[in-house]
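The same chain A turns up in both complexes below, where it pairs with chain B and then with chain C.
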Partner chain A sequence: MSNLLTMTGKELRSHFVSPIAYAVMAFFLVLSGFFFATAVLFSQDSSLRYVFSDMSILLLLIVPLITMRLVAEEKKSGTIELLLTAPLRDGEVVLGKFLAALVFLGVMLAVTGYYALLIWIFGKPDWGAIISGYLGTMLLGAAYLSLGLFTSSLTQNQIIAGALGFALLMLFFLISWVADFTGPQFSGVVRYLGFTDHFDDFTKGVIDLKDAVFYISVVAVSLLLTVRVLESRRWK
Partner chain B sequence: MIEVEKLTKYYGPKAALIDASFTVKKGEIVGLIGLNGAGKTTAMRILTGYMPPTSGKARVASYDVVEKSLEVRKRMGYMPESTPLYTDMSVRDYLTFMGRIKGIDRRSIRHRVDDVMKKTATTSYSNNLIGTLSKGYRQRVGLAQALIHDPDVLILDEPTVGLDPQQVHEVRKLIKDLAGKHTVILSSHILSEISMICSHVIIIHEGRIIAAGAPGSLSRGNTVRMVVRGPERDVRMKLGAVDKVVKVGCKSVESGLGTFDVDCAPGADVRERLAHAVASNGWGLLELSSGGISLEEEFLALVKKEVRI
Partner chain C sequence: MPKWIDDLSLPAGFVGLLLVAGAIAYYFLESDFGWTVGVLAALGLLLLGLFIYGNSVAIRRRVGARQLRYGTNAVVMVAALFGVLTLVNLFLVRNTVRWDLTAAGEFTLSSQSLRALENVKEPVKVIGFFSTGDASEQKAKDLLKQYANKSDKISYEFVDPDVKPTEVLKYGLGGPGTLVFLRGARRQDATSLDESSITSAIIRVTADKPIKVAFLTGHGEKSLDIADNSGYRQVKVLLEQNNYQLDTINLTTSPTLTTDYALVVVAGPRSSLLEKEKEAMKGYLDAGGRLLVMGDPRLDTDVNELISKWGVEIGAGVVLDPRMAAAGDMGIVVVQNYLWSAVTKDMNGLQTLFPYATNVTKKVPAPAGIWYDTLLESSDAGWVEMDKETPRFDAGVDIKGPVSMGVAVTDQASPEPGSQPSAVTKDRPRLVVFGDSDFVANGFIGMGANADLFLNAVNWLAQSEQEIQIKPKPPIQRSMTLSNGQKNFMLVTTVGLLPFMVLVVAGVVGWRTGSFSPLAPLRLLARLFRRTPWSGGS
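Right after this comes the complex of A and B.
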């Protein structure tokens, strides 16, 4: 446990000293702020429903930028060799990196909390929908982050890790489109794999355990795969 | 402390290490020496548990490096080749992090970090970012990191590569001071370095251990080297006739100056008689040195011999 905390702390530190993190955060806040302003202005809607939908697309672009260096950079510089020969489990390394990225995402989303504050000052916010929206965005973000972390472990080139991560996220994001062409026997499965269908309920204020389980499963599988990739050097 | 039995490692079809066996006693400093690509790093990576051997066994402090990897890693300090470090961390933060993941608790970590910084003379840089340090100081931080949890075994992969002569001298001294308390394996392709620091040398060539022993035992026994001005054949004959001389070899003859290697019976000191033999024949003695052939020549000879086979 203490190992995990140490690992998370170190990763968190490296997020916040890196200029990439601030650029990414600024990019996210400017665009989501723009979407918030236009959504409130034109829809006169006091839920943050549209903002959350926009965020889910923004995160698609941003998460690979956050995750691409996580493992790839350590592979390139060789520091991974020190981590993996310290008395740490591979799982602790991966989980520490994931948790730190999740905290970073949490901080970024927390800054957008002033949207809700503004609505509260000037109107009547639907707190239930806002809380479930944030919960859904965090879950979706966690799934994105875990996939990004996985692609980062595959290569020592950050650009390749980022591009691969983006492609993988796009695939999961757009896969439900395919459901229109597949026969009825497959469309259910394909639709289930898509990220967006599970997300929509959260933005409407519905917390469905089924959806939460979906995202958590994606996280679990991705992290497990990442651990396996790190372990693969031990295969004979 | 370290037992290695028939270690073999293949990368795909290519063998990096073949049937390597050796043991290291507690407190020894052992040098792995070999040309680039000889298998030094592979051997070290197996010992640190970074990757498993294809076959064979290795034990550190009687723990198997594959099955009891975590136990081994707790007792091991490792400095990989080219000393990878987190360049965006300060020396203190970095050492604190490395110490914590190696199991030092929160209360004693500060003290330990101060201690290793003192030992490696990095205290005055404790708040500098590692990225701003010179190569020599990075090397020290890498060494400090390996020492932080006071490990029984230290594995240092080419610890002096890329340093200036002053730094090389200091790092060597540092390593030498570690002997006795820690068991050290280091690798190098500089022979003089190994013979200076190590109590034991293992020569690796193309994945095989081709020689092992104390640096002295590797240089060819009791040999006297002489440079004599005189006819080669006569000199050889006269020197060979001296009591206790086993064999006289002529290394080279250049403008009348012959370089001779005179092998003597173990323990015999015949230098005076050799000098007399030269002088009494009216030849010129320009040089006479004992101590045999340097490790460097021996190493190159061993490598060459191996290649010929």
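Right after this comes the complex of A and C.
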């Protein structure tokens, strides 16, 4: 446990002493602020439902920027060998990197709490819907991060890792579009694999255990795959 | 290993791959996992197995024994986790738990709706017809999702009438914004997007028997069989499409009227009812019957006697409205003023045409336990013309607008006069009175939203006890009224100030730790924007 905390702390520090993290955060805030302003000022509705929906798309672009360097950079610089030979289990390395990225995402989303503050000052928001919206965004973001971490473990080139991560996230994001063409036997399964259908209820103010477990399942499988990929260096 | 396997393994692998690809292609083309796909896939996999077996030595040499062992272990572990998680997800699809965190429980179905869903034994398919960009489509989706989550018998899909106009013609719809509920050959439409309307539609489409409606005859009422402009043939088609069974009754020959009939319609009588007919109607209403009366001006009937107990009266004059005249005839009134009621709640923005209607008045104050909803009015430029000769407003003689042309009555009181109103309307009469019977005659029913208004009135009157008990959720007001200054403040602080603060923090961190230049994030952002395709930079 202490190894995991040490690993998470180290990774977290590397996030926050990097100019990239702040640039990514500022980039995210400019765009999400724009979406908030257009959605709320246009509808004059004290709800963040459509802002959360926009954030789910925005994170498709942002998360690969966060995750692309996590393992690929260490592979490129050779520090991954040091990590893997240190008295740390591979699982702790992967989980530490994932948790640190999740905390970074949490901080980024916490800053957008300012939007909730604004609609509270000028309107009458439904706090239940806001809480479930943030919970859903964190779960969706966790699934994105885990897939991004996995693609980062596949290569030592950060650009390839980012592009691969973006492609994989897009695939999960859009897969439900093809559900109707896959026949009655598989359309339900394909639609279930899509990220969007599980996210909608959270933005409305409804927490569905099925949706939360789906995102956690994606995280679990992706992290296990990442651990196995790192382990595979020792098989040769 | 036999030599024939060694010889055949390569072609077998090639053919196997082709067969598997063919099975996948066939499945996507036919959208059916039939025996053809099954046989192709099985044969393909068998041949691929033969290829792997035939080349097992080469594979092991290429991959390495250690790598193969660890690799297999890894695959087994991932497959095991995947299997467990698949089972957990499958279990939750059927047995999930939902928490509605909204303050008013906006996404929680009432116990009445849940009870109605328990009685759904056969699949009910709902088709929503909404144009792209229609804001109410999201509301319909939110509602239907709740029903589909609670019952695997409910499924739904949405059709854009502009993209698939043939579907609109197939279901004979007037326009977008309609939900069509289908159970086998049975169909029920809902145009209101609220829980009570959707549950009502489900109850009606799954009911074993259609709802019986009686049309009174014998006094020159509009006929359901006449197809000319003055007849009610289209009313018959409309109501039968919506699961109503229409009977015509003549109380002179058989003066019994039971509450087997959910509703009695009196459409434009031109002569008076006999005493025994009035008695039969009174007995029916006292037993909780529902009545739709459509009267016309200047007719010598005593139809008002049927409804006077509830303080409603059909007038004698003709409503004229120069501001809302259709085709230059101020006797054909275009109505756009609907007051909020269960009948007219979705009529805003729609217009109806009332040809030569009369006014409907209500008693002020209302008798104990009686609740009135004025349904629609002429514009304030309209009036009730009492004089047959001069179509001009005469103060003191004519009645000034806005003129009410329809009233809904809910009797909440027990039959004894003077008793307190009850909250429950079980077995209590309901009435809708229109000052016109021609607005749904064949010549007018297709104009504007006349059919919608009529069907809404019939649906409200014919509601069963179970349907009545679903109380509409109060609308939640979450809109903000923002001044231009407040809007600018929001825009500037969210798009500008907040990201700027992050860059300031970055600058401080960079300066304090010395790990990067305080301006590094800014340079990175500038580089990012300079590289965007729209900026024209390289």
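Here is the rule we use: the second predicted complex is superposed on the first by the 235 of 236 C-alpha atoms of A that agree within 3 Å, B and C clash if a C-alpha of one lies under 4 Å from a C-alpha of the other, contacts with A are read in each partner's own complex, and residues count from 1 in each chain.
The working rule: contacts are C-beta pairs under 8 Å (C-beta built on N, C-alpha and C of every residue); 3 or more make two chains touch, one makes a residue touch a chain.
On a predicted model such as this, the values are computed, not experimentally measured, just so you know.
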item	value
Partner chain(s) touched by A:170 [first = chain B, second = chain C, both, neither]	neither
Greater chain A contact set [chain C / chain B]	C
Partner chain in contact with A:225 - chain B first, chain C second, else both or neither	second
Touching partner for A:87 - first (chain B), second (chain C), both, neither	first
Which of chain B and chain C A:6 touches, first, second, both or neither	first
Which superposed partner A:206 touches (first chain B, second chain C, both, neither)	second
Chain B versus chain C as contact partner of A:114, first or second or both or neither	second
Touched partner set for A:27, first chain B, second chain C, both or neither	second
Chain B versus chain C as contact partner of A:131, first or second or both or neither	second
Touched partner set for A:78, first chain B, second chain C, both or neither	first
Set intersection of chain A contacts, chain C complex versus chain B complex	17-18, 234, 236
Residues of chain A that touch chain B when the two form their complex	2-3, 6-7, 9-10, 13-14, 17-18, 77-79, 81-89, 233-234, 236
Residue ranges of chain A in contact with chain C within the complex	16-20, 22-23, 25-27, 29-30, 33-34, 36-37, 40-41, 43-47, 111, 114-115, 118-119, 122-129, 131-132, 181-186, 192, 201, 204-210, 213-214, 217, 220-221, 224-225, 228, 231-232, 234-236
Touching residues (chain side chain C, partner chain A) in the complex	27-28, 30-33, 64, 66-67, 70-71, 74, 77-78, 81-82, 85, 88-89, 92-93, 96-104, 106-107, 142, 145, 149, 476-482, 486-487, 490-491, 493-496, 498-500, 502-503, 505-506, 509-510, 513, 515-517, 520-525, 528
Complex contacts: residues of chain B adjacent to chain A	45, 48-52, 54, 70, 73-74, 76, 78, 80-82, 84-89, 93, 97-98, 100-103, 145
